[in-house]
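Take a look at these structures.
Paired with chain B in one complex and with chain C in the other, chain A is shared by the two complexes that follow.
What follows is the complex of A and B.
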């Protein structure tokens, strides 16, 4: 009898905590389902749905240049997922991926001992961890991006932190990303403050900003599958799976933070600081939206 | 004594020079408008629009409609559209470049002159 009571108590404790945990991401899950469905519908049959989603693109061009239907996982490829000319061009470029050399550098850096004799593996014994970043650290009460984690590891080992965005930090993250290929993005919202951070990131994503009064949403949700000048606009779904990227325009690797800062600036706003609270929140929201998608970084972009 | 012939000549010259002045200033405006249209730091309109009658514009986007037959629209309509497209279409993706002071009223006049001239059906 007593045993049974204890059992019931335990069961209700467990289910209670599951319900409790589910509460924090309830809204986010609702958002994510709508987000994913929008993209799946939009790219299911662009010819049939031209009037709804691509009113100013001719059927002829859609038939010639668009790739469809797109599966959930296909969105890992950004603008290359739907735009045939880019996909073909990059298939050629990636026959010898330009990120290969910096990726090798990243591996060397990962394995090179710090002054104290330890290496990055003292912090990341299993380098296949990128799927969990950015995560909400409930003790520090803030978002930890993978860049911050790399620098925390350095500081803990008596090394100077690296500059964010490009260079060595992008190389080390590329190695971690490479080792994490195939892992599914798994962003969690562990408590009420994490949910707040998620909501803040969401607000930034939909906010019209700068003198162009344009939002991430307008270019990468509504605008996804259209062209801005010669640039095929990438869908926001999957937008973080391939990071860091080697960009031809940069002539080197750049991290998600670098890309986000650049896109905010392109809207006519002041360029935000990398790893600032708003950029971390934006990354947290954006990565959450791709939960369940397999990672494929690093990759090459225009 | 009034020299009617001379008067007429002067009057005619006035008409002619006025109209040539008008023509050249409109040409200049059209030219300026094209520059605003294609320059990234100015209007950057080609990022989203192709233009009927001006196939030399490189690499236009397709977020917005191809601009056609704009000479049939009232000037004010076009001015307002470029000043702040949200006035007529709350959900538009087009940025309010006049209202946000990215381009000046004069530059919008130039854009309107250019667009009305170039998109005339020929």
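What follows is the complex of A and C.
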């Protein structure tokens, strides 16, 4: 009897851990569903749900300036997804997209041989890969962003790594993004450490910080659909689909890492280094939240 | 032997003197800077340091010799910021999950 009980206990322990092993993304999936549903509900009928979701704006203004209902994929456009005046303005700008020239440069860089005669295509034979980044490398036990992958490719071929955030690296990533347009974001959480990294990124997103004691959540979830001075706040859903972006303010291309570092600083916090562990975790979390959305970078922003 | 005793007494007295607060420390910014540095290091390692704290601390270091009074004030400001960042972070740690979409 005792023997049998012990057997059952052992079997259930083993099967329990197997079940657990297969489910490193269980919590993340739960989070993502709640996250996506929040945005779909919020932007389904802002007039009807004004009191619940948009207490900061009048019904009159919603009727005049808001675009709704928004489909899942519509959130790819950031603040342009819901704010009519911005959308119209940027439709005009994108008639001749300012990212086109740096994108062409990116293509040239992708095809230009390194000193050893090889090109980026020796690492990325199929450039339509951006949907899988950032990913958790279980061997290296760390997050690999697309910027890191580009630099690893360079180093492997005897070239110096590029500076992160802007310039040539943003151009090359833009080309990879362009070739990945239409691919659906597909971020995975392969093991317990990856789940930990996801949780750390989630905390960085939701926990208030800096001398403003504010969180990303405050502006890009609760505040998504709000006007903040001259800005219209973008929903965090879809926030990584259009990267890299040509920002008028920057006068050039910038990567997701660059944008995230700037936004952390805007909470009144010390600016984190690009590709530092916390910023990679933030990118991992944020991109996971947009799983299943189609990519369409690069794009233009204010 | 007497000599040795004397030397060791002096040494002990000297060491004790060092361990006690230096009567001139209040006029020097060093201890305020050390205190601020320790708090800043902690906030920085927990990734919660505020935007300007390091800058203020560096200003304090620069003025430590020439204007210890101002340096002390700056160091105290940096220490205050770092401490507030840490306290705030511990508080928000308890509540942040409740802000997630349900």
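The working rule: the second predicted complex is superposed on the first by the 280 of 302 C-alpha atoms of A that agree within 3 Å, B and C clash if a C-alpha of one lies under 4 Å from a C-alpha of the other, contacts with A are read in each partner's own complex, and residues count from 1 in each chain.
Definition applied: contacts are C-beta pairs under 8 Å (C-beta built on N, C-alpha and C of every residue); 3 or more make two chains touch, one makes a residue touch a chain.
This structure is a prediction, so every number in the text was calculated from the model and none was measured.
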{"item": "Fit or clash between chain C and chain B when superposed on chain A", "value": "fit"}
{"item": "Broader residue contact with chain A after superposition on the shared chain, chain B or chain C", "value": "C"}
{"item": "Chain B versus chain C as contact partner of A:229, first or second or both or neither", "value": "first"}
{"item": "Which of chain B and chain C A:57 touches, first, second, both or neither", "value": "first"}
{"item": "Contacts of A:268 with chain B and chain C, given as first, second, both or neither", "value": "both"}
{"item": "First, second, both or neither for A:211, with chain B first and chain C second", "value": "both"}
{"item": "Which superposed partner A:294 touches (first chain B, second chain C, both, neither)", "value": "neither"}
{"item": "Touching partner for A:184 - first (chain B), second (chain C), both, neither", "value": "neither"}
{"item": "Which superposed partner A:118 touches (first chain B, second chain C, both, neither)", "value": "neither"}
{"item": "Which superposed partner A:196 touches (first chain B, second chain C, both, neither)", "value": "neither"}
{"item": "Shortest CA-CA distance between chain B and chain C [superposed frame, angstrom]", "value": "7"}
{"item": "Shared chain A contacts, counted only where both chain B and chain C touch the same residue", "value": "211, 213, 222, 268"}
{"item": "Footprint of chain C on chain A - complex, ascending", "value": "31, 34-35, 37-38, 203-204, 206-211, 213, 215, 217, 221-222, 265, 268-272, 278"}
{"item": "Touch list for chain B against partner chain A, complex", "value": "46-48, 59-66, 86, 93, 95-97, 100-102"}
{"item": "Residue ranges of chain A touching chain B (in the complex, touch as defined)", "value": "54-57, 61, 211-214, 218, 222-223, 226-231, 233, 268"}
{"item": "Chain A partner contacts - residues on chain C that touch it in the complex", "value": "44, 47-51, 53-54, 81, 85, 88-89, 92-93, 96-97, 99-102"}
